[in-house]
Structure formats: C-alpha cells, structure tokens
Amino acid sequence: MSKLLYLDNAATTKTAPEVVEAMLPYFTEKFGNPSSVYSFAAANKEVINQQRDTIAEMIGAKTNEIYFTGGGSESDNWALKCTAEAYANKGNHIITTKIEHHAILHTAEYLEKRGFEITYLDVDEDGKVKLDDLKAAIRPTTILISVMFANNEIGTIQPIKEIGEIAHEHGILFHTDAVQAFGQLPINVDECHIDMLSASGHKFNGPKGIGIMYIRTGVKIRSFIHGGAQERKRRAGTENVPGIVGIGTAAKRAAANMEERTAKEREVRDYLIDRVLNEIPYCRLNGHRTDRLPNNANFSFQFVEGESLLIKLDMKGICASSGSACTSGSLDPSHVLLAIGLPHEIAHGSLRLTLNEEIEKEDIDYVVDNLKEIVAHLREMSPLYED
Amino acid sequence: MYSEKVMDHFEHPRNVGEIENASGVGTVGNAKCGDIMRIYLDIDENQIIRDVKFKTFGCGAAVATSSMATEMVKGKTIQEAMEVTNKAVMEALDGLPPVKVHCSLLAEEAIHAALWDYAEKHDIKIEGLEKPKSDIHEGEEAEEEEY
Amino acid sequence: MSKLLYLDNAATTKTAPEVVEAMLPYFTEKFGNPSSVYSFAAANKEVINQQRDTIAEMIGAKTNEIYFTGGGSESDNWALKCTAEAYANKGNHIITTKIEHHAILHTAEYLEKRGFEITYLDVDEDGKVKLDDLKAAIRPTTILISVMFANNEIGTIQPIKEIGEIAHEHGILFHTDAVQAFGQLPINVDECHIDMLSASGHKFNGPKGIGIMYIRTGVKIRSFIHGGAQERKRRAGTENVPGIVGIGTAAKRAAANMEERTAKEREVRDYLIDRVLNEIPYCRLNGHRTDRLPNNANFSFQFVEGESLLIKLDMKGICASSGSACTSGSLDPSHVLLAIGLPHEIAHGSLRLTLNEEIEKEDIDYVVDNLKEIVAHLREMSPLYED
Amino acid sequence: MYSEKVMDHFEHPRNVGEIENASGVGTVGNAKCGDIMRIYLDIDENQIIRDVKFKTFGCGAAVATSSMATEMVKGKTIQEAMEVTNKAVMEALDGLPPVKVHCSLLAEEAIHAALWDYAEKHDIKIEGLEKPKSDIHEGEEAEEEEY
C-alpha cells in the first residue's frame, strides 16, 4: 500500500523522532539504575526529576506531586483502587460517569464487587456531565469523584472546573482521567481543583508503557505497586529511565507548540466535519460541536457497520477506528455512543477520525471522497437500507 | 487478522443483492453483536437452488461468510445446502479469528431461515431443519475467559 | 572519569544494541495500536505473539501462558495480590521467605494488613530455604508458596524443583520471582511445577519498564490492572510494543548464548572470589559457594561501611552496590544479609559485584587491587577496627 | 547526590585519627543506621580546642560531616564549639540529601559527648550541654512518608 493516512491518533501516536533521540542514550550508555550510589547511575535520578519538573509546570503542580507509572490504565487503577482503600473509613461511595474509559469503568466494577457503591452519571446528548445530576448524586459517604477531562471516542470536553469546584466544596477528592486531554488542552490542577490526574505517554507522541499520575500533596493514597523505594516509596519498580525521558520530552514538545498545533488541527477537523455532514446523507456528528478535542471527529453513518467501514478505509490506506471495537475482544457497541442516546444499530456504524498536526485539507479530501464511496457501497449491501 | 480468502470475499463479495419474488427469504440477527443478514433463494421445481443473493449489515467476517456461503449453496439441492454448516464455511475461508466464529453462524442461520420460509410457502418438510430463531444466541465459543 | 567498570548487572543491565535496534522501528514507523483493525497496526499483534513464543519456549510454557507487564514488581504484585483475591475462599495463608525482594515482601505485608496470614521462611547460612521448614509451614489454608528462583543480593539459587514438588503434592500454587534467574539459568516450568513466574526485561539486557508474567493454564487469577481487553483481558493498557519487542529480542539473545556466557562469567567470578578471599583479611563471601548466580559475588568486609566503600570504588570508575542501600531511601541493613545470620555491623559492610560477559580477569585485577587499598583506608578511619 | 564540598571532605577527610591522652573522647552511634563516630578533643587551659581528631564508621555524609565539624571546632572555645550545630555543618557543606540529614547529627552529638567527657573529667559544667545518649534517635527528619 503506497498511501498511509494515519487518522487514529486517539488510539496512539507516533513517537516523535526527537523523543526517540532523547531516549536513546538511556538504553545503551546512561543505562544505570537511578537508585545506585555511583555517579554514573545516580545522575539519572536528576534526569528523572527534570522530567517531573517539566510535567509539573505544564499542569501547575509541584515537582514532587508527579509520579511515573506504566501507563494510563495503571494510573487510573491506582487512583480508584487506592483512594477507595485509603478513604474507606470515610465512606464507600464513588461517583463517575457512564462514558469513562474501561480503565475507569472496569476498575469501578471491580470495586463494586468489593463493597463500594458506584454512581455512574448519565451524560447529555453531547456527552457532557450534568452538574445538577452530579450534585444530586453526592452523599455523605462519597469519597471520590472521577470524571474524564475529555472523552476518547467522541472528544467531548467536560466542565472540569465546575466539577472540581463541586467536589472541593463538598470536601470530596477529584480525579480526572486526562489521558486524552494532556498535551492537547491547557490544564491547571489548582484552578480545576484536581486532586489526582492520569496521563499516558503514547497519546502525545511519547513512548508506550509509561504514564503519569499527579497526586496533590495531602492526598493520602498509598502504593498500588508495592516493593522498592522508588517514586518516593509510592510506586515500586526500577525506573523506566528511557521511558521517563521520553514522556518528559514529549510533554515539553506538546506544551511548546500546543496553541498553533491545536489551532491547525481544529481548522482541518472542522473542514472534515463540514464536508462529511454536507456530503454524506443519514450521518451525524457525535460529541459536542465545539467543546471537543481539537483533533477529534466522530460520525455515525446509518445502515453501515463499523468494522466493514474500517476495513474498506484500510484498503485505501486510511487508518481509523470505530466505536464497535469488534476486534478488541468485545462485540458490544460503544458504551459511550449508547450513553449519548444512540440506538444500537447506529452506534454500530460509527467512525472516529483523530488527526495530528501533519494532516492537511488535501488529506481530508482524499478521506471524504473515499468515505462517500465506501458508505454508499456498504449501504447497498445493507438489509437495513431501503433507498 | 483475516485470511486472504476472507479478505477476497469481503472485498469482492459474491451474490450481493436481492431476488424479486424469491422462493424463500430469511433474515436473522445476531444477538451477540447486533448484526443482521438476509438471504434470498430462488429454488426450482427439482429443489435445486438456482440462484441466491444476500444483504448483510455486519463485520468483515459476516460479509465474507455470507459471500462464501451463498457460493457454496448455489446450484445445490436443498439437502446438500443443509450440509453447508458454519464450520464448512469457515474452513472454506481458511478459518476465522476465535472472536469471529459467531459471525459465521449468521450465514448458516440465514440460509436455514430462507429454506424454512420456502418450506412453509410450499408446505413441505425439510429434514433436519428447525424453525429459525430471529436472534441467534450461541452456546460455546472460543471465549478467552477460560485461561 | 576515563575508566568505567560496570559491576552492578544485578541492579540493571545495558540494553543490548541489537535489542535497541529491534525496538526502533516500533517507535516511529510501526507505532500502531495492536488492537486496531487496520493492517498497519494489526500486524503488531502478530509481532507481540512472536515475542510471547520466544519466551514461552525458553521456559517450556505455552504461548498463551505468557503475559507482558510493566516490570518485575508489577508481576510480583499481580501474582501475590490476585492469587490472594482469587483463592481467598480456599484459604488465607501464603508462604514465602525472609530473603525475597521487596516487591514480594512489601506486597506480602500489605496482604497481612488485609487479613492474610504470611509465613516468612528462614533460610540457612547460605541463603537456602530449608525444605523441612517449608513442609512444616504448610496448612490446610495455604493457597500460595512464593519463593524466588535466585536471590538478587547474595545470588543463592533455591531448590526450586523440590519446592515445586512439595507445592504440587499439596495442591498449592507455586510462584517464583525469577527476575534474577531468567536468562541466566535454564528454567522449565513443568519440571519445577511452577504455576506463576515473574521476570523483568532490564535484568537481561532488555529495556526497563517491561516485565513478564507466566501464568499456567488453569490458574484462575484475574487482572491486577483493569481496563481494556489487552493480554487476553488479563492485563489492561495499550501494549508497549517497542518494550515487548525489546524484551523478546533480549530473551532470544540470552537463551542463544546462555551456556558459553555463563561459563565465562562463572570463571571470572570465581577468580574474583578467590582473589578477594585470599588477599583481604576479615572478609567473607555471602551466599552459597557454588549454587549461586553465575555473575554474582557478594562480600562482607568487617569494620567497613558499605556506602563509603561504594563511593571510593566509584572514584576509581567501579560501579558496585552494597546491601546497605542507604541511598535508596532505606537505611536498614540488608534484610537478606541479616537473614543469613550476619550481625548488623557486618551486614553494613557488604559489597555486591555482579558481572557481565564483557568483564575480563584483567578488569577483576583492577577491581581487587583498588578494593584492597580502599578497604585498608576505610578501616584506618574506623573506630571499630583496632589493628 | 552529594555536593562538591561533601565529596571533597569525603575524599580528603581532615583530622582523621586519634589523640593519645585526649582531654575528652566521645563515641556515639546512630540508632537509625548503625553507624558510629568517635571524636577526640585536646583542650588547653583556656578552654580552647587545640586539636581534634575523629574516627568514623559510616556513610559518605557521616565521614564528610565529621571532617567538616572537626574543622569548625578546631581553635575555638568550648562555648563557640557548642554553636557548631548539625545545621551549621550541613550549611558549610552546601547541604545534604534529605535522607542524610540524620548523619550530620552524629558529628554534633559526638562533639557534645567528647565535651561532656571533658567536663566530667574536669568537674565543670558547660552551659547548654546535656548528657549524651549513646544512641541518637531523632524526632523530625525529612521523611518522605508525608506526601
């Protein structure tokens, strides 16, 4: 296949060449264990803290409030399970939403089996949490509110500041899964009263297998992974120095060009959205029209099944994803699309296109032209479609 | 994830379409994934399947198995068609990923449903054929839950 | 510093250049998410399974019994916590040893706080588990025996096969922390009746931040990290493709030259041990003389404190480690050295030298010559030493 | 992890050794880490510390603080020596890592212990000096447990 248009940057991103460049010396030269006494390795401790600095600064946190984990899922598990554990004497109720990533939802379900009570908030048709619902859900036993910063499927950005304020007023801890938002949107943990935050390197041109956890000073959660004294005794395991250098370098890079990058993405995204909505019938945009991730477009095409659509796009060199996630081991239609009120068979025909800064309008033209044909072709094959 | 044969049948599906005044039509849905398939049969007086068409709202495996299954029953007698099981179709396609085994059931069941429709219309009984369920639930499948 | 002799390969190893080479394409070219439908990324699923194959073959396991984690510590946490959880209805007793890595010990302590009963077996003066003690410790409620394959400090190899047999006879699950043994010693999970096994990439010239967990078919433990459907729904999180390729490549490499590599290491190690014991007074070798990791030597020098020793060695370009671990956040002397019966102040003066295949006898001469001087110098400064 | 000054004093420790027939000798051990330090003082009739020597079984920070502390009390009066706190020594060394703060207490306490020994031998009272404990336990320290 000659052409390759990668439009699945919400699934993962290319590690930026300068990020790889920055990581390389830490594999074969400065490979020492940062906990060592000898200077060759101990210098890596300093290097790690520099990355912590970069990340702390980006979100208005203090250096020692940043911890490195093995990814976004680990951060999410840590936040939920260890808060539940540490604050169990205060209460057993946790509030989250129906549209969280599975790293939150399945962890919450796990906690339910262990005696915790979870409220899964509904969202409106744009995918936003309703603040009144949130307030009404709060109980004296509520110990944690966990609401994602922005949704990975439909891109909707939550009213995080308002949610943080409500949590703060009630003295409830507030965690946000910012895996999709980090590096794409400005985040300030103080302004938004965020107590814990998850992020994942590979979503912003950093490496896979490395994540971030912000924990506000004073939050008393303990280790999720027990063992050595790394990460101020809160996350055991020999530090993944190349990974940490990679995520730090990627964070710095994302922060540096955030404004211009996302401005361009927004423009190209809006061009994509307009063309698709204008030119393909029986089609809708999922997620909020403006309060959405700069690089996210998510459509539903009636009478069309998602996987078939993806394979056809793949044949044209277009990498995209669907809410149906047939192949990732689950056949259920996206819980997010169902939560915003889509019927089963429409949720099935959804398409997520997530851009990066390199995608131009000409690329979008190529995508839309092909998409039109493919959708028409699949509809012809569909027993649901009567033209 | 799919074999070359599956991809070929997905890319160039055989027998897509409808048959007007078909001898039998069957539509089934898969409760597992929500996908839907409809089969049209044109059966002559010797109970030979002269023509067959399908429409499918489903994944790549569903499209490919529809295509292959229709190829396999075309020109066959009803009794021969009854032997075109989902296993046989999968084998003809060089296999399917474990999570996609259920998709191949759609094709089998859709053919059975169309045959049932034909049998009812002509008031005959086809050996081994049971009344189709509108939704397919299947028992065992290569679920990865058993470690 | 011109000379650099890295003799701390038990802490971490250099990532082999060919391992980095193998990883590189997966950062910037084949960076796709393996769960994706499009062929560009889905091919990575196959790549991951090839690594699983390599590793499975090395330890006599089946491909789908190998899982990838974020490191040795995560694997250890998973094995203990999730076995405890899954088999709690069978019993609440776990047997381990006093000389495990903290990733086991601190996890066991965590479980103790949550109602599990843990037996920490003593070891003999060589650091070996006494099989009679093990048998005596077994209760009807024992659900797990976790004994490390080889010790990270003193190098002693445990009678794993005998322990496995005992576990098997009693119908008790057997986990082994093989973080130090994997790639250094032949391992066969069937012969040794191992049900679960932990390993960590960076200990055998693979990358940091990636680990292995072997789980025998039929062992019913669930996810430690909940979320997406990766790793047969048992370990959530976007697969760390470069890391997995790295650990697989490193495993293949370690398996390929294991015999000749360890034969050379053993020879050089024995040369080191002999010279030190012969030429430095008030000195002892810790750990079993022969049943020890091929690259491990561990000495105690009376009247000498470990950190000072390490800094002096560092000044000569020699990277080594001590049991005292002053700098890794804990000031206690090594629990392993105390467990083999060393008094506090002698445990304090220990030195671990762990070789790799590149270390030659001339290097050892340099080390021993310097060591003699340094030990003499520190003893002169010591209030405990009366010459 | 250590400042250049610490490394300098560790590499070239000043005043290592013993003083025969010292005016005062103090030995203290650190309960936290098991390390031990001994200070020898030679004090003249004007209560001026004419000479000082030390021996230390301890980490890099312990050696460096011993060295620096002995430098700081040498030539001083007893009262001046009393002002050489572990804080002052740490500052003179351009700081210590948090986990090493306790090491600097060894030096302070060893000097106090030697002064106490001197005071007992000469039957005098030194203002502000308390009977030394043989083991130092300290209260607050930059423990990383408080997040």
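So that you can tell them apart, the chains are marked A, B, C and D in the order they are listed, and the count of residues begins at 1 in each.
As a working rule, a residue touches a chain if its C-beta (ideal position, glycine included) is under 8 Å from a C-beta of that chain, and two chains touch if they have at least 3 such contacts.
For each chain, UniProt lists the protein as follows: B, D = Fe-S cluster assembly scaffold protein NifU.
Model, not experiment: these values are computed from the prediction.
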In angstrom, rounded to a whole number, how far apart do the mean CA points of chain C and chain D lie? 39
Between chain B and chain C, centroid-to-centroid distance (C-alpha), Å: 54
CA centre of chain A versus CA centre of chain D: separation in Å? 54
Where does chain C touch two or more other chains at once, residue-wise? 37, 42, 232-233, 307, 311, 326-327, 329
What positions in chain B touch 2 or more of the other chains? 1, 144
What topology does the chain contact graph adopt: line, ring, star, complete, or other? other
Looking at the whole structure, which two-chain pairs count as touching? A-B, A-C, A-D, B-C, C-D
Contacting residues of chain B [partner chain C, same complex]: 1, 144-145, 147
Chain B partner, complex, touching residues on chain A are 303-308, 311, 315, 324, 326-327, 329, 331-333, 344-345, 348, 380-384
In the complex, the residues of chain C that touch chain A are 1, 4, 6, 8, 11-17, 19-20, 24, 27-28, 31-33, 35-42, 69-74, 76-77, 101-104, 106-107, 109-110, 200, 202, 207-210, 223-229, 232-233, 236-243, 307, 310-311, 313-314, 318-322, 325-330
Within the complex, which stretch of chain D touches chain C? 1, 7, 10-11, 13, 16, 27, 32-38, 55-60, 62-63, 97, 99-100, 102, 144
What residues of chain C sit close enough to touch chain B in their complex? 37, 42, 45, 215, 217-220, 232-234
